[in-house]
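Note that chain A is present in both complexes that follow, paired respectively with chain B and with chain C.
And now, the complex of A and B:
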């Protein structure tokens, strides 16, 4: 209770400090909450950007496709590397080395190859989401007690049964954690791609507002984008909690 | 990364070689458009023509990254120790830390560029911001995980607060700090590259995005390879250092 009050107090103090500091500075650079809120209202009422819904929808669609691809490929590669020892030992280190490269290095090549439209954003979101999912599968497989697999095999379980009844439940917690991280990174990938160069989507609108020094609109767009991201993360955390309860 | 057995290394070398040969073959046979996917031989040739440009850009980028990295690690560790060791502070700040850590920093990049202009300053600021949060979050966790009995015993023996930090807390969190430093480096480099692509006038990110905009694919692939090799080498060097440190401890 006391902590909650202190949090609220801190939040209020931060908002007030921002308001005070922003009013003292140039309105082109600093946006106080008192002008961010009207800008947000205008944005939501489609006054400042009448075609907002189509841009928002495009971003959400790019994220959905990128994430679906990274889940599919991440699970496939993760299980291939984790279940076949030689494959894992040969290609695991190569994958780990690629993971040490700052991901944005790949973006110019993707933009050259896929162009400025949605495909390059989907490709980048896919690339970012793919690694944590693959790595989570690998970590999860290592967690499963090998004796369980031996016992199941001794009782005549088929490979598919072992996979579904022993392996997946044993690693579910780690797997779901990786899926959640993958979603967060797919989202970041798509948005980074849009901000670095695009013709449509939330990133393009953000760049437009920033480029024209419509700073209040820029802040409103950022707040809206953050709300979408937060919603996706809340949904993912609910699923995670569900999986957690199931494994206990 | 552990060095594999000869058989594993053989598989790795053969598959990388096969991939290169296949790629070269596809490009020569015209199955992929060399405008977008140049053959490995063309990429290798372009290394010579752009080495000066690329190495200059890389040096510029790594210089900015170094400054951003020092800022991120020093501030991140300091904030992490401060927040982690005061229980009430940690409880109050927790949601703020999680929220700030979680939001995609790219959304504030346009504002940073508005404030600081083009060039070096926004790259350093954004790189440091990018690296700061992961370092801080790891250090907070590490400080919270320090064995309580160690602290109680040290207090019982009359350790002063500064002795407590220097002799108990700091040594206990060293492994986490090193892990945080490894992660922070990749984050800082990523941040600097993003700014250079978004609002750069120099540096590797700027070089790469100009090459992409000019459709100079061989040079772009060569530059991408160069940055990748550099960052893998830096991370491997940090790992080696880490291993040596842990053996010494």
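And now, the complex of A and C:
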């Protein structure tokens, strides 16, 4: 209760300081809460951007597709590299080298390959989400106590049973952590992709508002996008906590 | 009646510093219902031998027959294994760990739960069914691992230094407890240890292994009834004899390692 009050107090102080500073400086550039809040209201009531729902839906759909691809490919590649020693030795280093490249350098070529529409955003979201999932699978496999595999073999377990009953539960916490990071990065990939160049989606709206110096709308759009991302992360962290309780 | 026949098995491992002969020409036969202990210095290949009996390690030469049939991989209907590291599944409760083998054999949920619950009493784990391994003491964990092996009710149980990681008092109590279980179930137990005390207190026969490459050096018969008075003249004499057999091998193992 006391901590909640303390946090509210800090928040109120920050908002007031922001308001004062923005008014003292330039309200257009620093967007005080007194103009951001009405802009947010107008945004949510579809006054400023009547086609907001279709943009939001597009972004969410791009994220969903990019994430689904990241999960599918990340799990497949991670298990292939982690479970088959030859494959891991041959391709593991390549994966690590690719991961070290700052991902943004790929984006221009993705736009050239996939165009300005959703495909390039999905590709970028996939590229960002894929690595943490693959690496989490690899780390998770290494973290499973080999004695448990020996025990399962002694009890007659075949490879598929070992996979389902020993490996997956033994690495679940790490795996879910990687899936959560992957989701966050897929979201970043899609939105960065939209901001860097697109005709539709939340990133495109943000770019539009920013380009026209509609700074209050810009802030409102950013806040809304943040809220959507935060909601997805909260859902993911709840799943993660359940997995942790289960694995320990 | 001979249940287990080990016939001239050998095993060599490739390591970074060249090939290592773990076992060379090991032969031993074990009768049904026997409590047979294998004792030897560390690194003498005891665990490798047990791994072969359990079908986890393939011999380079020789063969192992169980009830007349050669071992060709793990056979959970005949052999159950208890390891020094109990290897309990941390995400499974005690009762779920006990059920593991039955689950793999496709026993129905209610049936395997009943079988596992029945074991809790003899294991001294009544009331611990819903606990997780991390909530148990070392001795309790090892009892769960033994229970997991007993649950699949095989005629043969292999034990690879099951009490090796426990403190001395717990070890002695666990030994008494294990004897009780063995006398009730009359399973054939092959028990690997490097403890003279355990070998003398528990076994009907003790096979002494040499330092690497491991061979069977000698086999001692221990016909005394249980429970054994460890200070009786017979046991003290056997202890001296056993120590005499092992001493030289342990010294060689120490010098070699």
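By definition in this document, the second predicted complex is superposed on the first by the 241 of 248 C-alpha atoms of A that agree within 3 Å, B and C clash if a C-alpha of one lies under 4 Å from a C-alpha of the other, contacts with A are read in each partner's own complex, and residues count from 1 in each chain.
Following the convention adopted for this analysis, a contact is a pair of C-beta atoms (placed from the backbone, for glycine too) under 8 Å apart; a residue touches a chain by one contact, two chains touch by 3 or more.
Being a predicted model, the structure only gives us computed values, none of them experimental.
Applying the stated contact rule after C-alpha superposition, one finds that A:147 touches chain C and leaves chain B untouched.
In the superposed pair of complexes, A:68 makes contact with neither chain B nor chain C. By the document's definition of touching, neither partner reaches A:116: not chain B, not chain C.
In the superposition on chain A, A:103 makes contact with chain B only, not with chain C.
Once the two complexes are laid over each other on the shared chain, residue contacts for A:188 go to chain B alone; chain C is not touched. Touch criterion met: A:222 reaches chain B, while chain C stays clear of it.
Looking at the shared chain after the overlay, A:161 reaches chain C, while chain B stays out of its contact range. Judged by the touch definition given at the top, the superposed model places A:95 against neither chain B nor chain C. Set side by side, chain B and chain C differ in how many residues of chain A they touch, and the one touching more is B.
Within chain A, no residue touches chain B in one complex and chain C in the other. By the touch criterion stated above, chain B contacts chain A in their complex at residues 1-2, 4, 8, 11-12, 15-16, 36-37, 88, 91-93, 95-96, 102-104, 106-111, 113-115, 186, 189-190, 193-194, 197-198, 205, 208-209, 211-212, 215, 217, 220-221, 224, 227-228, 231-232, 235-236.
Against chain A, in their complex, chain C makes its touches with residues 54-56, 74-76, 80-81, 83, 85, 87, 89-91, 100-101, 103-105, 132, 134, 152.
On the chain A side of its complex with chain B, the touching residues are 3, 6-7, 10, 28-29, 86, 89-91, 93-94, 96-98, 100-109, 111-113, 184, 187-188, 191-192, 195-197, 206-207, 210, 213, 215, 218, 222, 225-226, 229, 233.
Interface residues of chain A facing chain C in the complex, by the touch rule stated above, are 145, 147-148, 150-157, 161, 165-166, 169-170, 172, 246-248.
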